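Each of the next two complexes has chain A plus one other chain: chain B in the first, chain C in the second.
On to the complex of A and B.
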């Protein structure tokens, strides 16, 4: 019983890490620009397709990952610079519609360029699973956890130790205040959108070996990531990480004992959390004092 | 140093200031007085690039500022300390100061932060506290300290005494005099006309977006209209 729980938790953590990566992108963009980015999942899907074809061209896996992150950053940066910035001053609903539209464009592009036939995307590492005490984990799960941990650490260093990161946090608090100080808010928006698209790209590559690569494969993951973001509190990056990991673990345990609840569990959970903690587990009500 | 010619600006189709001309010379403290809605804040926002001017020119040491974005204006040495202080409550005191030196190199930034702490030692003690936990007076000190970090040539100050206890107002004004002695030029916007006239060299009076009076501060203090309208005598 205990060993089973331990195994379910360990595997749940690697699923949760994927949710966390995407949820972080959602929260970063939401906090700094107040836009709910619905294109995140499908951007990840599109980048995963690009990665698939790079691998087919015999590009080494580490390089594929780096290129995928760069593609994501490029898509995100261009989206901010040429779509979001033009509409921001005029209409907030317009911004939401653009992200929805982008989600559809990515899906349509993927279907028309790459087709809808499900493809097999290889894991980064193959081979027999690894035994750590009573826990049995696939090599892919281990690499997912390690890569995610490295990225979480890196992002925290960026957000708390670099000027661009602290600047992004200041915009999340008070955009006007940041503009008055002369902080280059537009560059920071581009940076955040670049991050917001690069993260799901990586998440897509990490998670796709569990499914098959087709234009819809990120949709359920994106919904889970939204759940994780709300669960953790929409205005907290820490919350997004913890929310994603907790959701991954709880979902895995519930699905094992009550398979019928697997798909609906995350939504039930979010309703319960919001009833008890309306701002999520880590969310804060904004506070100001003059 | 700062030269404003026939400046009009405002918010969208609403023009808030109409054809204002004023100058600030190096080393001066110049005050802009006026009641609520006179266009004082709009004037400062236009100089610092937060809103676009619709007519006229603003130049600083020979550079035309008309179409520059705030980051470029900050890089020229014009620092705006806004009304309501606008410190970041969730960021630490140190982080607030770091952002004020966005364009400085690491060494220079550390030195400037040290300098700011030497003027406001209290902030050093509060370094790791988040800005939102400071009292109103401490927040104003932080806002002032932030203004000093980038080594400004011209400080634009919007209502530094607003909402502060009289003792703190005096402290803030003493600091302004100290800054002036250090060669910093200040354009000060105030409703507290008495304090502003005491500390400044020259002053302008704005009324509903128009420049209605200008002169030396001493001269304006004895002006009957100013006395009646702004000094409550």
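On to the complex of A and C.
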């Protein structure tokens, strides 16, 4: 009984790490530019397709991951520079619609360039599962956990120790104040959007071996990531990480004992969170911006 | 838009659309496309009311359409309810679902509604897949066509006129709502929520009204869709279709009464023009159209018509 729970928790953590990666992108973008980015899931899907074809060209795996991150950063930077920046001052709902339009473009491009036939994406590491005490984990899960742990640490260092991260956090607090103090707001926006598109690309590559690669595979993951972000609190990066991990673990345990609730669990969680504590686990009650 | 222009546009569109099926006497499939345009125009009008006039984003519009469609189809097929009555019940039930979802989420700030409706959308399709009465993953087949008194709306031509009548009714209702006291309250909420609150508008109440009305219209459109296409599958109504609904509303023109019709025609007819071989390219074109209309044409395709009118000194 206890061993089963331990195993479920360990596997749930690796699912949760993927939710956290995407949720973190969502929260970073929401905090600084107050836009919900709906293009993330499909952008991640598109980057995964690119990675698939790089792998087919016999490019080594670590290089593929780096290239995928760069592709994501490029998409994000271009989006911010040429789409978001021009609309930001005019309409707020417009920003959200641009991300929806981007989601459509990525989906259509993937379907028309690569086709809708499901493809098999290889995991990073194959081989027999590893036994750690009573826990049995596949090598892929371990890699996912280690990589996300490394990324979380790196991102926290960036956010709290570098000038660009401190600038980003000051924008989250008060954009006009930050501008007055001479913080390069627009460059930081580009950085945040690049990050927000690179993270789901990596998450896509890490999670795709569990499914098969087709143009819709990121949609349920994106919904879960939004749930995780709301669960942890939309205005807290720590919240996104903890929320994602908790969601992954809870979902895995619930799905094991009540399989019928597998997909609906995140909805139930969202409703409970919205009704009881709308600011999430870590969120601060924010003041309305004018 | 002045009252006279609305009437004149309505009359022009009616005059153009009444004899339209006779042009395609030999090709009922083309009339079928027009039927789809009208159905999606009705559904999009619901979203336009919510997003264009009240400024609230919903990502679960297709789920309400699915609820309406399935309720109506099941009532007719399993319980032998009169189909007209079934459509009324389906519409009311979609409204009830809207009330249940909107009540907790509309009291919070806007983006919570987007997330709650997105979760609703995925949960609805999931639930439909698991229930047995809805046919599960096989979908619901051979739904009987609409029947009023003893007349069966079986051919595309008869459906066309019925749907046209429905669309004109819904558009008129929305138009009148927008120009009423409640409509002004909704537009005030969209433009400046704080100001609206401070002049005594019950913001939460009016948002909820808009949300319930929008889900009712979506339910009606779904019920008509079910009896028209006679096949329902849960995958049709996923998150992707909700996003496409939003895109239709945006491309047609948010906050304009004829926008939904334009957006729906764009969405239905574009893949036919591009051709079946490049089917997915139309999604790309559609996404680009969304971005372009956000960046350059805040009122979408309606704005093009408006500018043309201005150039030709029609007003």
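Criterion: the second predicted complex is superposed on the first by the 286 of 290 C-alpha atoms of A that agree within 3 Å, B and C clash if a C-alpha of one lies under 4 Å from a C-alpha of the other, contacts with A are read in each partner's own complex, and residues count from 1 in each chain.
As a working rule, a residue touches a chain if its C-beta (ideal position, glycine included) is under 8 Å from a C-beta of that chain, and two chains touch if they have at least 3 such contacts.
For clarity, every value in this text was computed on a predicted model and none was experimentally measured.
Look at chain A after the overlay: chain B and chain C fit there side by side.
In the superposition on chain A, no contact is made by A:63 with either chain B or chain C. Within the superposed three-chain model, A:132 lies out of touch with both chain B and chain C [touch as defined at top]. In the superposed model, A:157 lies in contact with neither chain B nor chain C. Look at A:38: by the touch rule set out above, it reaches chain C but stays clear of chain B. Within the superposed three-chain arrangement, the count of touched residues of chain A is higher for C, of the candidates chain B and chain C.
In the superposition on chain A, contact of A:149 is made with neither chain B nor chain C. The least CA distance from chain B to chain C in the superposed model is 18 Å. Under the contact criterion defined above, the residues of chain A that touch both chain B in one complex and chain C in the other are 288, 290.
Touching chain A in their complex are the following residues of chain C: 51, 55, 57, 59, 104-105, 108-109, 111-112, 114-116, 118-120, 122-123, 126-127, 130, 194, 238-240, 243-244, 246-247, 250, 278-291, 294-295, 298. The residues of chain A lying in touch with chain B in their complex are 163, 166-167, 169-170, 173-174, 176-184, 284, 287-290.
Against chain A, the residues of chain B that register as touching in their complex are 48, 50, 70-71, 73-75, 79-80, 82, 84-91, 95, 98-100, 102-103, 132, 134, 136, 139, 146, 150, 163. Partner chain C is touched in their complex by these residues of chain A: 30, 36, 38, 83, 86-87, 90-91, 93-94, 96-98, 100-109, 111-112, 116, 216, 219-220, 223, 226-227, 230, 234, 260, 263-264, 266-267, 270-271, 274-275, 278, 288, 290.
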